[in-house]
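Per-chain numbering from 1; labels A, B and C assigned in written order.
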């Protein structure tokens, strides 16, 4: 119903309507379409201004310090002018990887169960629960981490408990809904012909799933993993609460670590000058990385459709 | 047709969807307070033709109309015609019954409210009158405030007709109005259509030849976007002039 | 043998699903069981004192309500408006692509980045300082993509037959939109709005950077405040009071459950 404007032919006319009314109609139409157009532009403008605003804060600083030094420097001593975020990059990489190792297979398993095996009554219960899991605020996950996960790790493995492992466990749970929902949709979108064809050849249910269904849903599943990765990567509060936040390269998964996001939220409250600029630059790096991830998953889902 | 008063005169009408020409040089006259049926195999342009009569093609990007449609002496395809006013005068009933997702009452009051009727008493009157004219009042008078989508298909189609009647049109266009209905609902609808003829000019598209024969006074036969033949229904069915009309009516193709 | 392997694999995914449900139940029960003893009229209706060690969470409840309300008040019209533009007005595929791409991007941006943007723009550039208003505006941006996407789906689900029928009765495009399309899409749009209320009411990082964390009931929109999630974060991570933290967490969880339940009901109505 996107229409060539059907009223425009008669905006000069008299018809059986007095001209005043006609003008009123034309004007209200113009106002309405302009308003909706403005709303849509606002969205585009927001994305652009987020990039520009962070860029304006970050780029001069990065130019001065040097991008390479910033990314690979191992010393983060803001008060002495050392701004190297390599330890935080490592921390982010560790906890994100840990989250994917724990949450990825579990999420995919649940997605397969929901899309291929579960009777509809179970689906009706399970789906809202998954949505609920997505709705729990990250600070509550962090709180659960502090009160349950961290003490567990301390008791079982020793050490401080606040660790890469604790953060990975919490994040692993937090990315489940994303992975389950995206992967489930990808699997459900595989046409039934594929399954029937395989079953007709004598393949068992799981041979069909591994041999036909999952390969057919491949790009959607990869997109699910990428989106889960993005979620873990960008998560802040839950990680801050359980990771211990020490700026150092962790030597084992039982040692504390600090991620890029944690660094921003921990220090932004009191940072000034170059220190503040360094934190904005950290945010800018985060943003660019997320934009790249989004492009990748966008490209993959597009590919999955065609 | 010379003895009839002409309500709509179509002159050299052509319709294009982009580069595809859906109607070719159609000229015909639609007499007032009569039922004119448009028949033809599917895809021949029946719906397209009907939609030129209330300028519904204005909504489709790329659709271009050339030629004249003269309603009461005035070409509706000129700048000075108010499309809203035109559509009030030329109402339309579509193939699938489409009750709006609101109450029965609000469905019928939808048009009058659009056109500025606000007073409750007046709306009540219009709703009752329209539902009565559509032979639906007795069935729904106690459920006016229930959701219209709970009505049966046949009731919904009559509701749509009541909704059209409520804006007080002069011409009613119907695009295969019975194609989604069961035989009993179809019979009731045909009865209603014949009754409406007293006050309204009706143009009905149908792929059901018996239906055209039963209800219409005049019949036009379209084929591949061209008007093959038009005339009194009896003559078209009993004594068609064109070989293609005869073939179609005797079921030899289409 | 094949049968056994199949049964084994099925058992694994069933156990995985049970594990996920178990995790959810564990989190919720932990918070409910340990939080419930904290909940009292006094806890809900008095302000926090001594940095949160004593007193209640009234100031945080007020802050959360205000910030969420501002966020939705801004995000809902913008989100629905842009959805309407995309579905009903836009004729250019190119522009459509750009807008859709922007929304997808916005949905993926982490909350901390929104927080940084809010800090630069609302707090510093516009000079609002750490405030309810800056926090609300930041949350509005975060809610926008979700509201927009759900509204778009709801509007798209309204059949074109309605539009044709309405136009054929002499309605203009705007009349059709306001009297028919939007009312028909309303439950879907509402469920998106309620869903994002639940999301932004629980947001912490972005609010911490834009609304600050001061105690006290905010007196104006330019006051800094400490919404529930920030309060929970500070109580728990600084070890101020675990029992108060459980009470706060319970209130937050209940909020989320209520909103999710509303969405669930709305979706039921829809189908």
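Everything that follows uses one rule, which is that contacts are C-beta pairs under 8 Å (C-beta built on N, C-alpha and C of every residue); 3 or more make two chains touch, one makes a residue touch a chain.
What you are looking at is a predicted structure, and each value in this text was computed from that prediction instead of being measured.
J.: Quick check on the contact network: minimum steps from chain B to chain C?
T.: Contact-graph shortest path, chain B to chain C, evaluates to 1.
J.: Counting only C-alpha atoms to place each centre, which chain is farthest from chain A?
T.: B
J.: Grab the C-alpha centre of each chain and report whichever is closest to the global C-alpha centre.
T.: Of all chains shown, the one whose C-alpha centre lies nearest the global C-alpha mean is C.
J.: Give, as an integer number of Å, the spacing between the C-alpha centres of chain C and chain B.
T.: About 48 Å, centre to centre.
J.: Between chain A and chain C, what is the gap in Å from one C-alpha centre to the other?
T.: From the centre of chain A to the centre of chain C is 15 Å.
J.: Could you give the separation in Å between the centres of chain A and chain B, each centre being the mean of its C-alpha atoms?
T.: 53
J.: Which residues of chain C are in contact with two or more other chains?
T.: 91, 164, 167, 172
J.: Do you know which chain A residues sit against two or more other chains?
T.: Answer for chain A, listing residues that touch two or more other chains: 1-3, 6-7, 25.
J.: Multi-chain contacts in chain B: which residues touch at least two other chains?
T.: Chain B, residues with two or more chain partners: 59, 61, 84-85.
J.: Which residues of chain C touch chain A in the complex?
T.: By the definition above, chain C touches chain A via 2-3, 5-6, 9-10, 12-14, 16-17, 19-21, 23-24, 26-27, 30-31, 77-82, 84-86, 88-91, 95, 98-99, 101-106, 108-117, 119-121, 141, 144-145, 148, 160, 163-164, 167, 172-174, 177, 195, 198-199, 201-205, 208-209, 229-230, 232-233, 236-237, 242, 245, 249, 252-253, 256-257, 259-260, 263-264.
J.: Contact residues on chain A for chain C in the complex?
T.: So the residues of chain A in touch with chain C come to 1-3, 6-7, 25, 28-29, 32-33, 35-40, 42-44, 46-47, 49-50, 53-54, 56-57, 106, 109-110, 112-114, 117-118, 126, 128-133, 135-144, 146-148, 173, 176, 180, 204-207, 227, 230, 233-237, 240-241, 261, 264-265, 268-269, 279-280, 283, 286-287, 290-291, 293-294, 298.
J.: Going by the contact rule at the top, pick out the chain C residues touching chain B in the complex.
T.: 91, 159, 161-162, 164-172, 175, 179-180, 183-184
J.: Under the touch definition given earlier, write down the residues of chain B that touch chain C in their complex.
T.: That would be residues 54, 56, 59, 61, 84-88, 91-92, 94, 96, 98, 100-102, 110-111, 113-115, 160, 163-164, 167 of chain B.
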